[in-house]
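Two complexes are shown next, each including chain A; its partner changes from chain B in the first to chain C in the second.
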Partner chain A sequence: MIIEAGHYALVLALALSIVQASVPLYGYWRRQPVLMDMAQSTAVMQFIMVALSFAALTYAHVVSDFSLRNVVENSHSTKPMIYKISGVWGNHEGSMLLWVLILALFGALLAIFSRHMPQVLKSLTLSIQAWISAAFFLFILLTSNPFARVGVPPMEGQDLNPILQDPGLAIHPPLLYLGYVGFSVTFSFAAAALISGRIDPAWARFVRPWTLLAWIFLTLGIAMGSYWAYYTLGWGGFWFWDPVENASLMPWLAGTALLHSAVVMEKRDALKVWTIFLAILAFSLSLLGTFLVRSGVLTSVHAFASDPDRGVFILAILVFFIGGSLSLFAFRASTLRQGGVFAPLSREGALVLNNLLLTTSCATVFVGTLYPLFLEALTGEKISVGPPFFNMTFVPIVIPIFFLMPIGQLLAWKRGDLLAAAQRMTVALIVALLFGLALAAWHGEPVLAAVGAGLAVYLIVGSFVDIGGRIFVRKASTSQMLARGLGLPRSAWGTAFAHAGVGLSLLGLAATGWGVEKIVTLRLGDQIDLGPWRLELTKIEPRPNSNFDALVAQIQIRDGSGIVTQIEPARRLFKTRTMTTSEAGIATLRMGQVYVTIAEQNADQSLDMRLYWKPYVSLIWLGGLIMTLGGGLCLSDRRLRIGLGRAAANKGKQKPNAQPHPVAAAE
Partner chain B sequence: MRQGLFPLSGLSACLAMLLCFASITLHVSPLWAVEPGEILADPKLEARARELSSQLRCLVCQNQSIDDSQAPLAKDLRVIVRERLVAGEDDATIMAYLVQRYGDFVLLKPPFKFETLLLWLMPFALLVLGAFGLWRVSASRAQLAASNSEALSEAEEAQLAAMLAPQKDQLGQKDG
Partner chain C sequence: MSRKGRRLFFIGLILGTFGIALGMVLFALRGSVSLFLTPSELAERQLSAGARLRMGGLVKEGSVVKLGPQSITFIITDGTKDVAVSYAGIIPDLFREGQGVVAEGVLASPTSSAVNQLRADSVLAKHDENYMPREIADSLKKQGVWQGGSPNSSPAPAQRP
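Now for the complex of A and B:
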């Protein structure tokens, strides 16, 4: 009964989304505010329906209802509860349901938090949002129904893929989807602006929090995914240039470019056409990512779907939305007036350069990811595009961004002074040079690691030069400086932290060059030196568990003075799927990590192991967290909380005859 | 098949093979890559072997180098690379041998040739084109700004003064 209710709720959500997609659009065309207002209530109802549907599927997984094919194929009664719940989206159908749940969530949030937005923009945006959700509801109901029953329910399920039985599954997909799908809002905003033909700084200000929100979640999702890969894989790699990873990196790069170009549009009324294009691009790339992962074009652990029908359906969705929005863009873009003029050497100029480099790097990932597919389709020839390709193309395009980031922050709007900015960077340059030299002296080869670390330090220190200059003024007392620091807009702090986060990640990446790797066979009681540590294998024991048997090795880590900590790398044999996974033993010490994986026990009781010491490696993900912290600070900025929208609305109330908001005036 | 000190048991070998073919594991390799028994005694040769291995694709896996893969085929390739290194062959010869045997697919860095021209040139071509476009736009903008900034004629000055006068009054009143 609950299952049927959930299924029915999904159908209702589809019906609601069709209403939400069509009625406000018709209302806009006929200038009927009442019809346009329908978008809000339907958006909220739609979310409630999808939430009910999602709850029903979760219920089926929790109680192990093996009359549902989805549960049979992906669950087992002995599976721990956390994986019963996260297993809901650990399969194709469930993950698509999560996708639409988040899509509907954003729609509802938009409806609730857009009271101060002009009606036309609001209802058109919600209408476009509903077009997207209608397409995906149809996709789920027609090709990937999670509520399909089996004729004869089995006694037991087939269990979840053991690789997915990890806390990472509970966190990574929801975060990533919040990011992916978050860009649907900016996409809808862009389409609405193109339809109504009104695009101004106010538009940029309305879109900004949504772009930031999507960007924050996408950053977290990617960082989390990378860490998950790192600790499950067993050789400590964290980025593989795998098509699935690239699929999440592309929207991130486009979204980052969008965040920056939207600033120019908001402050200077320039780069309008470009900003709209990026808003379309970011979500188009999210859709492309969904297509690549869901269609089974790339066979991978992420691609649960191998049914070609699904691929064709998503391709149709892709073509409809990307093609439609780009046609709309081509048709309307020429009517957009260009605003503020600026010199090439200015804050705007720096942000344009940032956009050029970010979009080019994004295009590089795009070409590298899709080229093998196209080449094989056209000529039948198979090539591989792996990490060496991206190291030779993507990296040289991205490096200049790191150099320019702190300088751009110091340039004034309209016309900047490069020499003055360079002078102010002297401190950062000196610190970076000293730091790089010190690290090179301490850790030695390779030189490239020290150079990278120096660049990273320059970036971290440089990120705060602007803020430092605004706080530390001559003849100011400490309390005055404190007041100045607190008085700065949060977005200034946010920018500094986000940029410094990039620098931290870069530092972690550079330091991988100093890593130590050992591949050895150890017996009980054997000791081995690894970087600054000494490791001893102190115990090997079997540990049975509810749905797997584990072989656990206990390793003590010592420094000169004694035992620091111990780790327990393990191998797990999952009973239902008779599949083995390896659990790395990881200890975070001084920002770096000792990382150990073990193989099967040899006949003579010895154990083959891979041991790594990775100095500063945790900074890679810490940097990601700092970046999102920066994003969060920007999001909490006063300018966004007390937006122009509310001011305009208040003005409208006080002076009924006054000129309404430009976007509202569009109707 | 040559086996090192760390032979895969029959079951897990089958499993690894199966997993790789079914591509469930993908880049997620829960088992084992380079084994202790494979490592060459000469650290210089071993370093070259690792370097070469990281450039070679495990043909039955998804986007995984043979250095990272646990598939039996990847192991075979690692062993072949090491045997040839010990025999004194240089890196280029070994790569050429593998390409001849398995095609360009085995190279994680695609070769630069006619079919991959677009792949290799596109990123930099886009950068140059983008920069050129920006330069053109900024030049035309500068020209526009220059033509706009020409001094106003006397008639225009008077017109401007007339237009601004009432607003100034208003501002003055507000301030007062």
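Now for the complex of A and C:
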């Protein structure tokens, strides 16, 4: 009964989304405010319906209702409860349901938190949002129904893919989807602006928090996915240039570019057409990612099942929305008038360069990801494009970004002074040089790692030069400086932290060059040196568990003075699917990690194992967290909250120069 | 700078960046992608030593020789042609004789010799009874030795350097 209710709620959500897609649009055409207002209530109702539907599926998984095909194929009665719940989206149908749940959530949030928004923009945006959700509701109901029953319910399920039985499953997909789907809001805003032909700095201001929100979640989702792959796949890599990873990197790059171009639009009324284009691009790439992952064209742990119908259906959705929005863009973009002018050497110019490099790097990822698919479709020839390709194309394009990031922050709007900016960067350059030399002297080869670390330190220090200049002035007391620091807008702090986070990740990446890797065979009691540590194999024991049997090796880690900690790498044999997985033993020490995986036990009781010492590796993900912290600070900036009502009220008559000088204001 | 000059500057910048990126992409696509071949397909082609490729097929029965704890040689076969593979690293859990495998690496000797030699730097094995890299499934089907059901696949993450 609950299952049928859930199924019915999903059909109702489809009906609501069709109403929400068409009625406000008709209302806009006929100038009927009442019809336009319908978008808000339907958006909220639609979310409630999808949430009910999702709750019903979750219920079926929790109580192991094996009359549902989705539960039979992906669950097992002995599966731990956390995986029964997170297993709801550990399969194709359930993950699509999560996708639309988040889509509806964004729609509802938009309806609730848009009181200050002009009615036309609000209802058109919600209408576009409903077009997207209607397409995906249809996709789920027609090709991937999670509520399909089986004729004769089996006694037991087939269990979840063991690789997915990990706490990461509870976190990574929801975060990533919040990011992916979050860009649907900016897409809808862009389409609404194109339809109404009205776009101004206030528009950029409305869009900005949504872009930031999507970007924060996408960043977290990618970082989390990378760490999950790192600890679960057992060879210590964190980024493989796998098409599935690239599918999430592309919207991230486009979204990052959008975040920056929207600033130019908000402050200087320039780059309008480009910003609209990026908003369309970011979500188009999210859709492309969904297509790549969910259609079965790729071989991946993410592609749960391949079914040609689904691929064709998603492709149709892809073509409809990307093609539709780009045609709309082509027809209407010329009606948007360009605003403020600026010299090439200015904050705007720097942000244009940032956008150019980000989109170009995004294009290289696009080529590297899709070229093999096109080639196979056209000639039947199979090739694999791996890390060497991306090291030769993507990396040379992003390195200039790292150099220019801190400098761009120091350039003034409209017309900047490069020499002055460079002078202010000397501190960062000197610190970076010293740090790089010190690291090179300490860790030695390879030189490239020291150079990369130097660049990273330059980026971290450079990110705070702007803020430092605003806080530290001559003859100011400590308390005055503190007041100045607190008086700075949160977005200034956010920018600094987000940029420094990039530097921190880069530092972790560069330090991989100093890693140590050993493949050894150890017996009980054997010791081995690994970087600054000494490892001893102290125990090998079998450990049975509810749905798998584990072979656990206990390894003690020592430094010069004694035992530091111990790790327990293991192999798990999952009973239902007779599949083994490897659990790495990981210890985080001084920002680096000792990482050990074991193979099956040899006949003579010895163990083959792979040992890594990865100095500073945790900075890669810590940097990602700092980036999202920066994003959160920007999101909490008062300009986004207080400015809203006023900006909406007197749109059309903007201030001539919207750049406030907060320090002056604070004094 | 005049309005026209600014516009020219930005257009030049954009075209320049895209041009450089295009050049790098084309250059990288020539040198750093690896072909997926079966032993028979390799025998038909004249590839020079040092070419990168992914070789898919079955591990020939009785061909696995363990040289050390982490070093093995084995033969990949597709029934008609063989390729000898040498590999150093932990062998994937599901690597077994008679099972499907994909080895990625560098061609060691000229293709004119009797048996091609591949120095593998990564070996992917069949992941379980149902999950198998699509490339293996496709090549096994083509050779008529496919036994499994649908190729629901996940890349068996064996070893990467």
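Everything that follows uses one rule, which is that the second predicted complex is superposed on the first by the 643 of 667 C-alpha atoms of A that agree within 3 Å, B and C clash if a C-alpha of one lies under 4 Å from a C-alpha of the other, contacts with A are read in each partner's own complex, and residues count from 1 in each chain.
The rule is simple: a contact is a pair of C-beta atoms (placed from the backbone, for glycine too) under 8 Å apart; a residue touches a chain by one contact, two chains touch by 3 or more.
Only a predicted model underlies this, so the values are computations on that prediction, with no experimental measurement involved.
Novice: Name the contact category of A:579: first (chain B only), second (chain C only), both, or neither.
Specialist: both
Novice: Go through the superposed model and pick first if A:379 touches only chain B, second if only chain C, both, or neither.
Specialist: A:379 contacts chain B only, not chain C.
Novice: Looking at the overlay, what does A:629 touch: chain B (first), chain C (second), both, or neither?
Specialist: Neither: A:629 stays clear of chain B and chain C.
Novice: Of the partners chain B and chain C, which touch A:599 in the superposed model: first, second, both, neither?
Specialist: Both partners.
Novice: For A:243 in the superposed arrangement: first (chain B), second (chain C), both or neither?
Specialist: The first partner, chain B, only.
Novice: Both chain B and chain C contact which residues of chain A?
Specialist: Dual-contact residues (chain A): 161, 163, 233-235, 237, 240, 299-301, 341, 343-344, 352-353, 356-357, 360-361, 363-364, 367-368, 371, 381-386, 388-389, 392-393, 397, 519-521, 578-580, 582, 599-600, 608, 610.
Novice: Spell out the residues on chain C that touch chain A in their complex, using ranges where they run on.
Specialist: 1, 3, 6, 9-10, 13-14, 17-18, 21, 24-25, 27-29, 31-36, 54, 69-70, 88-91, 93-94, 104, 127-129, 131, 133-135, 150-155, 157, 159-160
Novice: Can you tell me which positions in chain A touch chain C when the two form their complex?
Specialist: For this pair, the touching residues of chain A are 161, 163, 233-235, 237, 240, 299-301, 303-306, 341-344, 352-353, 356-357, 360-361, 363-364, 367-368, 371-372, 381-386, 388-389, 391-393, 396-397, 519-521, 571, 577-580, 582, 597, 599-600, 608-610.
Novice: Where on chain B does chain A make contact in their complex?
Specialist: Result: residues 5-6, 9, 12, 15, 19, 23-36, 39, 54-55, 57, 62-65, 68, 103-111, 115-116, 118-120, 122-124, 126-127, 130-131, 134, 138, 141-142, 144-145 of chain B touch chain A.
Novice: Report the residues of chain A in contact with chain B in the complex, numbered from low to high.
Specialist: Residue positions touching the partner: 161-163, 229, 232-235, 237, 240-243, 298-302, 341, 343-344, 349, 352-353, 356-357, 359-361, 363-364, 367-368, 371, 375, 379, 381-389, 392-394, 397, 519-521, 578-582, 599-600, 602, 608, 610.
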